[in-house]
Amino acid sequence: MLTYNLNILLLVPIMTLAGIVLVKDTRNARIVTAIGMSVQLLLVFVLLYMYMAERNAGNIDEVLFYQDFTWYESLNIRYSIGVDGIAVGLIVLTGIVVFAGVFASWLMKDLVKEFFFWLILLVTGVFGFFISLDLFIMFMFFELAVIPMYLLIGIWGTGPKEYSAMKLTLMLMGASAILLVGILGIYFNSAPDGGALTFNILEISKVNIPIDAQRFFFPMVFVGFGVISALFPFHTWSPDGHASAPTAVSMLHAGVLMKLGGYGVLKVAIYLLPDAASEMATFFLIFVTIGVIYGALSAVMQRDLKYINAYSSVSHVGLILFGLLMLTKTALNGAVLQMISHGLITALFFGLIGMIYGRTHTRMVSEMSGLLKVMPFLSVAYVIAGLASLGMPGLSGFVAELPIFVGAFSHPEPFYRVITVIAISSIVVAAVYILRVIAKMLMEKVKEEANNKLTDAKWYEKISVISLLLFIVAIGLVPFWLSEMIMTSLEPIIRRLN
Amino acid sequence: MGNYQYTIWILILPFAAFLFTGILSGKLKPSFTAAISIGAIGIATVLSYFAAIQYFFLNASESYTAIEAASFTWYRLSDTLVIDMGILIDSISVMMLVVITTVSLMVHIYSTGYMKGDDGYARYFTFLSLFSFAMLGLVLATNLIQIYVFWELVGLSSYLLIGHYYQKPSAVAAAKKAFIVTRFADLGFLIGILMLSYYTGTFSFSEITDPNGPLITQTIGGVFLGLSTLTWAMILVFMGGAGKSAMFPFHIWLPDAMEGPTPISALIHAATMVVAGVFLVARMFTVYSLAAPEALEVIAFIGAFTSLFAALIAITQTDIKKILAYSTISQIGYMMMALGVSGYSGEAGLGFTASMFHLFTHAFFKALLFLGAGSIIHAVHSNEMKDMGNLRKHLPATHITFLIATLAISGIPPFSGFFSKDEILAAAYASNKLYFAVEYLVAGLTAFYMFRLYFKVFWGKERTYENIQESPASMTIPLWILAFGTLFAGFLPFSHLVTTDGIPFDTHFHWNIALPSVGIALAGIFIAAALYKKESARSQKIAASLGAFYSVTKEKFYVDEIYIFITKKIIFNLISMPVVWFDRHIVDGFMNLTGNTTVALSFRIRKFQSGNIHQYALVFLTGILIATLFYLFYYPN
Amino acid sequence: MIEDIPLSHILIVSTLIFFIGVYGFLTRKNMITMLISVELVLNAVNINFVAINRYLYPERLEGHFFALFVIGIAAAEAAVAIAIFINLYRNIRSIDVDEVTEMKY
C-alpha cells in the first residue's frame, strides 16, 4: 500500500524558496513560484484522494500518514505529523488560496523575488501548522506563518502600511505570547499521573488535565488563537492590516491565516481542555456573538472595499468561533466548513478587489460605478462572491452557515437560542452591505470617463478567480463529501466533550 | 400511486439550460440561448401536464396521497438530522407545476418578441431558466431546508431579473430593495425552521405535517408571551411567506419590482414567485390548522388587511404596472385570508381549496394582464396612463385578451376569477363575517380600479403615438393561450382535486354570495365607466373632495417613508454609526493607547542608550568596581 | 630565578597595565588608540593568567591555554576592528569615535 509522506508538503515550498533565491530574473521568480504552487496544489489533491481512499478502505485511525521523529530529546519535543479530515480540508483550502494568490499577484513590480520568498515562507508555515501534531512544532510553524506578514505588509503594502504592519504584528505577537504560556501550561500538566511530559496532541488527548489547570489555561489558549481569528475586542488589526496588505497577502491572511486561529481553538483549546471549554463557552460566546453582529454592522458604514470586506470577515470568522463554542457536532462541523468556505470566499473577494483596484486605482465604493459593463468577468465573479458571502444556497457559504445555526439552535439552553437568533440576523445585514456595494460599484452607468477604457481580467487573473469559484460552487452544490470527511474526524473531539 | 420518476427531468432540464447557457454565455448566439431555454421549459411543461393527468385523473383510489417520487441525501447535519433533496408529488405541488410551467412557457415565448434587440437578451433567458428551475424545485420540495434553498434561489433570480436593466438606477434600487426586504422576512422563516427542527428533529414535510405525528398530537415547547412556541415558530414561518408574497408590512418591494421587464413581472411578480408564500402556508397547512390555530388567525388578519390596503392604493395609482402590482398584493391577500379562515378536512377545508383555486385562476388572468400591459408598453413606450387612451383601435388582440382578464379579476361570470372568488367569499362567510365584509368591499374596489385602468387605457381620448402597431405574433399568441386558460380554468372541479386532507368533497354553488358579489363588481364597473370611459373632470373633483385621504393613498400610506426612516435614520445613524465610532475610537483607541504609551515610555528612557562608547565603558567600569568592592567587603563567606 | 619575584609584583605590573588601558580607552577619541588600549587591557589579563597559573598551579596548563586563546582572538578582533575603521574612514573621512552618529537612535 502506497502511503503519503506529509513532509512533501513542506519540501515543495522549501524547494520553491530555493528556486526563488537561485533565479536571477524577477520574471522567473514568479514562474518558479507558480510552478511550485501548482505542484503543491496537485500534491494537496493527491493527499485528499489518498486520505479518502484510506478512510474508505476502513482505516479508522484518528490521524493518517502519521510520522514521528525525536527533535529535542530532553524536553520530549517531537516532530510528529499526521492529518485528520479537518486538517485535510484546511490543507486543500490553503493549496487553492495560495495557488490563486500567486496568480493574483502576477504583475507584482517591486522586489519580486523577495516578495515571493516571504510569501512562500509564510505558506510553508501554514502547511506545517496544519500537519503538525506536536504543540511545540505547531507553535513554531504558527510563528513562521505570522512573522513574514510584517515584511509583506510593511514593504509591499499600500496606505499607512508601516502602521498597519506594526499593529498587526504586535497584536498577533502579544497573542502568541499568551498562547505560548497556555501551551506550556498544557505541557506541564500533560502527565498528571507522573511519567514523561509531552507536547504531542494525540497523547495529551488521552489524559485528563486537572480541571484547575484547564480553567487557568483555556482562556489563554482561546484568546491566543482567537486574536488571529479577529475575536472581539481584539479584531482591530484586521481592518487596517487587510486594507494595507498587497492583494495576495490579504487573500492568504483572511483566507487562511485567520483559520489558523479557528483550527487551533478546535484542536488545542477544545480538544485538549474540554472541561474548561464546556464551562467557559457561555462567557466567550457573548464576545463572539457581539463580534458577529458588530462586524456586520460596521461593514455597512464602510466606504473602502477592503474595509468592508475586512469587517465582513470579522463577522464571518466570528461565526466560526461561534460554531466552535457551541460544542455540538453539527455546529463544529459547520464551523470547520465555514473555515473552508469563508477562506475561499474572502480570498476571492480580496483577489477581485486587488484586480479592480489595479485598474481603477481607487477602492472607494463611491468613486466607481457601472463596472459590470466595463469588466463583466470580474464583476460577475464579484457578484457570485457576494452571493456566496451572504449565504445563497448553491454556494459554499450556505452549507457552512446552516449547520452552525442548526447546531447552535439545538442547544438545550434558551440563552444559546437567543444568541443564535442574534447571530443569524447578521446574514440580513450581510445582504445589506454586499448588495450596496454591488449596486453602487457594478451597476448603473459608468460615471467616471476614465473607467470606460478599462480592460477585463487577463488570463492569470482568470486562473486565480476560476480556481476559487470552482470550489465555492462545488462545495455549495455537493457538500456531502467534505462534511462527511470532517464529521468523521470530529468524533474524537465530541467523545472528549461528553 | 404510480411511477413519477420522470418528474425529476422537470427540474433537471431548466437547470441544465441555465448551466449550459450561463457558462457559455457570450459564446452562444442569443437566439440559440433562447431556443435552449424554451426547449427545456417546453419539455418540462409537457412532463408537468403528464404528471398532473396521471396524478389527478389516472388515479384509481378515492383520495390523493403525497408521493415522494425521488429523494437523495444531499447533506447530513448530524447522525439524525439529514437534508434530502427530493420530489414531493401531491395535489398542491402538481397544481403548482401546471401553473408554473404554463405561465413560464408563455412568458418565454412572449419574451422572444418583447425583449428583441435587448443587450441582455441571452442573459435574460439564462436567468429565466434559473428562475423556472428554482420555482419548480420550491414547489416540489420534500423538506423545509429544500424549500428554503429554492426559496432563496427564486429570490436571487427575482433580484437578477428585476435588475435586468442594470444601468438604470431605479431598477438597481428596486432589485436591492426586493432582495433585502424578502431576506429580512426569510430570517423569520429560517428561525421558524430551526425552531420546528428543534422540536421535531426533522425537516421532512411528511413527518412534520403528518396529522398523527408528534408535532400535532403532542404539545411540545413552552409558552412565550401567551402563545405556544410552536405557534411562534409557525408565525415566523409565515413571516417568510409574507415577505415573498408581499403581505403587509413587507409589501413595499413588489411595486418597485415593476422596474424589471414586464414579462418578468408577469411570471415572477404576479403568477408564481409571489404566491410562494401562499404555497408555503398551504404546504404546512396541517400544522397551522391542527396545532397552531392562533397563527392561522394572524394569517387571516394579515391577508384581509393587505387585500383592502392594497386595493385602496391601487385606485389612485397612475402607472399601469403599479396598479397591477397592488392588485396582485390584494389578490394574494385574498388567498392568505382564505387559508386563514379555513378549517381542516372535508367541507370545513373549503377555504384551503378556494385559496388554491384562486391561486390557480389568478396565475392565468394576472399573467395575462401583465403580458397585456407589456404589449401596451411595447407599443406606447410608457408606463403612465396619461400617455394612453383609445388603444382598442390600435391593439385589438391586446384589447380583447385584456378585457377577458379584467372581467375575470373583477369576478364576472363565467370567467375563472368569478368561481374562485366565490368560493373564497363563501369560506369567509362561513367563518368570520367581518372578513367577509372586507373581502366583499375589496371585490367591488377591484372591479372599480381594474376597469378604471381598462377604460383609461383602451377608451378615452386618442393620444399622439409614434408608429403604433399591434405586437408581433410571438407576443399575442401567449396572450390568446392565457385568455383561453382564463376563460376555462374556472370550470375545473377544484374541490375534487385539491383539498386539505386529499379526500375530495362536493361544493355547491352559493347563490346568496355569488349574486351580491357580482352585483358589487358590476357597481364598481359602472362607476368606473361613468368616470373614465369618456375623459372628464369628474374624477378629479372626487379626488379633490376626498382631500387628505386621496393623497395618503396616492402616497401608498407612507409605508416606504416609514421604512426609510427606520433603516436610514435609526439603523444606519443610531446603530451602525455609533458602532463604527466605538470601533475606531474605543476599541482601536485602546489598542493604539497601549502602543503609544509604550512608545512614549521608551522615548523617555532612550537617553540611556546614548551611543557614546566612553559613557558605556565608564558605566561598565563603575559597575565592575562596585561589584568587586561588594564582593570583597560584603559578600558573606 | 623567577621564584624570587613574588607574584604580587607581577600582579602590580599587570594591574598598572590594565588601568593604563582603561584610562586610554576612556579618554581617547581616536579609534586606533582605543583599540591599542583594549589590547593593553587584554594583555594585562594575559599576564595574570600566565602568572597565576605558573605560581599557584604549576602542574596545570589552563591559564596558558587561555592566554593563547586571548591572543588569538585579540588578533582576529584587531583585524575586524581595523577593517571597520578603514571602511569608516572611507565613508566619513574620520575615525573619531564621536563622529560616528549615523545609526544613533
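Side notes on the structure shown:
The chains carry the letters A, B and C, assigned in the order they are written, with residues numbered from 1 in each.
Simple rule for what comes next: a residue touches a chain if its C-beta (ideal position, glycine included) is under 8 Å from a C-beta of that chain, and two chains touch if they have at least 3 such contacts.
Just so we're clear, the structure is a prediction, and the values are computed from it rather than from any experiment.
The innermost chain, defined by the distance from its C-alpha mean to the mean of all protein C-alpha atoms, is A. Comparing the CA-atom centres of all chains against that of chain C, the greatest distance is found for B.
Between chain B and chain C the centroid-to-centroid distance comes to 91 Å (mean Cα coordinates, whole Å).
Our note on geometry: chain A versus chain B, Cα centroid distance of 36 Å, whole angstroms. Per-chain CA centroids place chain A at a distance of 57 Å from chain C.
The part of chain C that touches chain B in the complex is made up of residues 22, 25-27, 34, 97-98, 101, 103-105. Those residues of chain B that touch chain A in the complex are listed here as 73-79, 81, 145, 148-150, 152-153, 156, 163, 166-169, 172-173, 175-176, 179-180, 183-184, 187, 190-191, 194-195, 197-198, 572, 575-577, 579-580, 583, 587-588, 590-592, 595. Across the interface of their complex, chain B is touched by residues 166-167, 170-171, 232-237, 294, 297-298, 300-302, 328-330, 333, 370, 372-373, 387, 390-394, 398-399, 402-403, 405-407, 409-410, 417, 420-421, 424-425, 427-428, 431-432, 435-436, 438-439, 442-445, 479-480, 483-484, 487 of chain A. Within the complex formed with chain C, the chain B residues making contact are 606, 609, 611-614, 617-618, 621.
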